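Both complexes below contain subunit A, partnered by subunit B and then by subunit C.
Up next is the complex of A and B:
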C-alpha cells in the first residue's frame, strides 16, 4: 500500500498490492482520510492487487462517492481476478476503470 | 472432517484462511477455486465477527470436509456461532444495476458468497447459527 502525492497536493496515486481484505482495509481507510484533503484527482493502481473482498469494495464505493463532488477517481491496471469481482457486483459500471 | 475453534474476530482471519486453504492446496484445488472459497470464507467469518456477538465477542467453530463420494469432489465448510439468531441469507440482494448515488455497501458480502459457491444453507440448531457453504471441485480427481 503506497501513497504518492503530486507537489501541489492535487493528485494522489494509491498503489495496492497483494490482498485487500477485512484485516487491512481499516489501514487503507485511515490513510485515505489523512491524504485526501485537497485532492482533485485520485488514482488507484491495482496492478499488484490479486484479491478484494466486500470490505475493499466498500472503500472504493465510499471513496468514489466522496470524490464525485470534488474531482475524479480513476482505477487503473485492474487484473483479471479483481475485474471479475467488479463485474459481478456491478462496480465495473460505478467506477471509472481505465482498461489497459 | 477437521474443525477450528477460534474467537470470532476480524484479526483472526489469517488463521481461518490458513485452516481452509492448506487443506485445499493439499488436495490439488485450482487457484481460481481457492480464491472463490477464500472470498466466501472471509465474508461469512467477518459477518460473524462483526454481528453475531456485537458488542461482545464469542467463539466461531469452523468445520471443513472434502467429500469424494459421490461425484463430483466437493468441499463443505460450516460456520457455527452461539450469537444472536440471524439468517444472513434473508438479506436483500444488492441491485447491481443502480447508479452510484443509490448504491449502498450493504449486502455485498452475502451476494459474493452466493455468486462464488454452489450451495449456501442456513440453519438455527441447538442455540447455534450454522451457515454451510459448498463448492464443487471438478478439477480434483477422486
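Up next is the complex of A and C:
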C-alpha cells in the first residue's frame, strides 16, 4: 500500500498489492482520510492487487462518492482476477475503470 | 530451574529488616569506636611519652644537683681504679648477666658497696626514686676511650646493677662524647636485659665544671602501658554499654516508626485480597492507625488511594462486564432471530412437487449479512433470493432484515425481477448513511413451464445443470449491488429449465473460503462437488457442498457465512 502525491497536492496515486479485504481496509480508509484533503485527481493503481472483497469494494465506492463533488477518481491497471470480481459484482458499471 | 533456585536459597539468608538495620548500626558503632580509640590511643601515647620523658629528665637533673660531687668523684675513682686492674678480657658486659664470668667480674667491686660514700649516694637516690615512684635511679660514668657506660651507684627497685656493671654506650647517646654537658636526652629502649624503658641522664660536675658522671633515671613503660590499657578497657566497656543502650532505643523507635506500621500495612493488604475473594466491600487502608508525615505514612496514603481507585475500577469493570454480557446475549438473540426469519420448505412450499428445494446456512459465529429467501408469488410462480450484505455485525444484520423484507414485499407486489431490483434499490438508497450495499440474485421460476427469469445485482453467478450434463456457471452481465447507487438499471435474463435440470445459488463464502495455507476453495472445487451429486435430493446437495468446504478449510477460522440453495426442477408431473 503506497501513496504518492504530486507536488501541488492535487493528484494522488494509491498503489495496492496483495489482497484487499476486511483485514486491511480500515488501514486504507484511515490513510485515505489523511491524504485526500485537497486532492482533485485520485488514482488507484491495482496492478499488484490479487483479490478484493466486498469490504474493499465498499472503500472504492465510498471514496468515489466523496470524490464526486471535488474531482474524479479513476482505477487503473486492473488485473484479470480483480476485473473478474468487478464484473461479477457489477462494480464495473459503478467505478471509472480505465482499461489498459 | 528448581535446582538453581534451591542452590540460591541456600546461600541467601532472609533476614527481617530490623536485624539488618541493627547489624548496620552495630557495625557502624564498632567502626566509629575503633577509629576514635585508635586516634585517641595514638595521641594519648604520644602525650604520655612526652610527659614521661620530661619526668625522667627532671628527676635525673634533680639527682645531679642533689648529689655531692666530691662523693661521686670518690666512688668513681674507686671503680675506675678497680676496673683498671682487671684485664680487658675479664671485663664482662651486662649482656652476659648471670654468667659465672660476669659474677666473678663483679666480685672485684663488691667492697665499694661497703664504703660510706657509696651508701650516702645510694640513700639519696633511693629516696628520690621512692618519692617519684620510679624504677631506677643510678649513676654511671662514660668511658670515653672505649665508649661504654660503667655503673657507679644504683638504687633500682628491679634488676639492681652493682658498681662495675658495663653497658654499651647506646647509639642515641653518642652525643655525650662530643658534648659531655648535654647528658642523655630522653630516649626509649627495649632490651632483653632491662625491658621497655624511657631513660634520661643529667651530668654531675665538679666545682670546675668538669663532668664526673651522669645521673640516670629509668621509667618502666610496661607499667605505664598497663595503666593505659586498663583505661582503654574501661572506655571500651562504657562504649559497649552505651551502644547497647543506643541499639535498644533505636530498635524501639524503629519498631514504632517503621516496622509496626509496615506490618499493619501488609496485614491490611492481606485482608484486602481476602475481602476481595469473599466479595466484602470494606475499606481496609482507610481505617489504618498509620498517619504521619513520613515515608511510611505516605505509603499508607498511597495504598489508601490505590484501594479507592482499584475499588472504583473493579466496580466499573463489573458494570461493563454485565453490560457486555447483556450485549452478547442480545447478539445471540439477534443471530437466532436472523436464522428464524429464513424460510423453511415446509412453511413455504407445502404441496409443491415441481421443485425439490433446499437452502442451508452455516451457523455463523456472529451475526452476518448473508440471507436467502424463497416463497410462492402465486401457485405457479416461485421466487428465490440469495443475497449478501457488505460487512458484518449488527448494522449488516439490520440492513439484511430490511432488505429481505422489502425484497419479498416488492416481489409479491408483481413485476419482473429487474423491475423489483430497481424499486428495491431506490428504496434502500434512501438514508443509507452507513454506505452499505447488498448483492442480490433474484429469480422467479414458473413451475409449470420451467421458465426462469432472473436478475443479478452484483451477486455470484448461479450454477446450472441441464439434464445429465454438468453444473456450469451461468455468466450474465451483472448489474451493481442494491443500495450502492440510486437510479441503476437492472436486466432480466431468461433461462428455460426442463425437468431434471438443476440450479445452485450461493454466496461468496463458498468460493472464497480459505484454508490454512491461504488458498481459496474456488469455483472449480464447488462445481466438482456439485457434479458428484447426481440423482441426489436437494438436501444432499447442500450437505455435500457444505462438507466439501468444511474439509477444505480444516480447522481454519475462515469458515463462516456459507449460504447456499439447491433447486432441482422436476416439472409439473401431474399435469
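Note that the second predicted complex is superposed on the first by the 100 of 100 C-alpha atoms of A that agree within 3 Å, B and C clash if a C-alpha of one lies under 4 Å from a C-alpha of the other, contacts with A are read in each partner's own complex, and residues count from 1 in each chain.
The rule is simple: contacts are C-beta pairs under 8 Å (C-beta built on N, C-alpha and C of every residue); 3 or more make two chains touch, one makes a residue touch a chain.
Being a predicted model, the structure only gives us computed values, none of them experimental.
In the model built by aligning both structures on subunit A, subunit B clashes with subunit C. Of the two partner chains placed by superposition, only subunit B is touched by A:81; subunit C is not. Of the two partner chains, both subunit B and subunit C are touched by A:90.
Ranking subunit B and subunit C by residues of subunit A touched puts B first.
Comparing the two complexes, residues 22, 53-55, 57-58, 61-62, 65, 88-90, 93-94 of subunit A contact subunit B in one case and subunit C in the other.
Considering their complex, residues 21-23, 50-51, 53-55, 57-58, 61-62, 64-65, 68, 81, 85, 88-90, 93-94 of subunit A touch subunit B.
Per the touch definition, subunit C reaches subunit A in the complex via residues 388, 390-392, 435-437, 439, 456-461, 478-481, 484-485, 488, 508, 512.
The touching residues of subunit A, when paired with subunit C in their complex, are 22, 53-55, 57-58, 61-62, 65, 87-91, 93-94.
Subunit B contributes residues 10-11, 13-14, 35, 38-39, 42-43, 46, 94, 96-101, 103, 105, 108-109, 111-112, 115 to its touches with subunit A in the complex.
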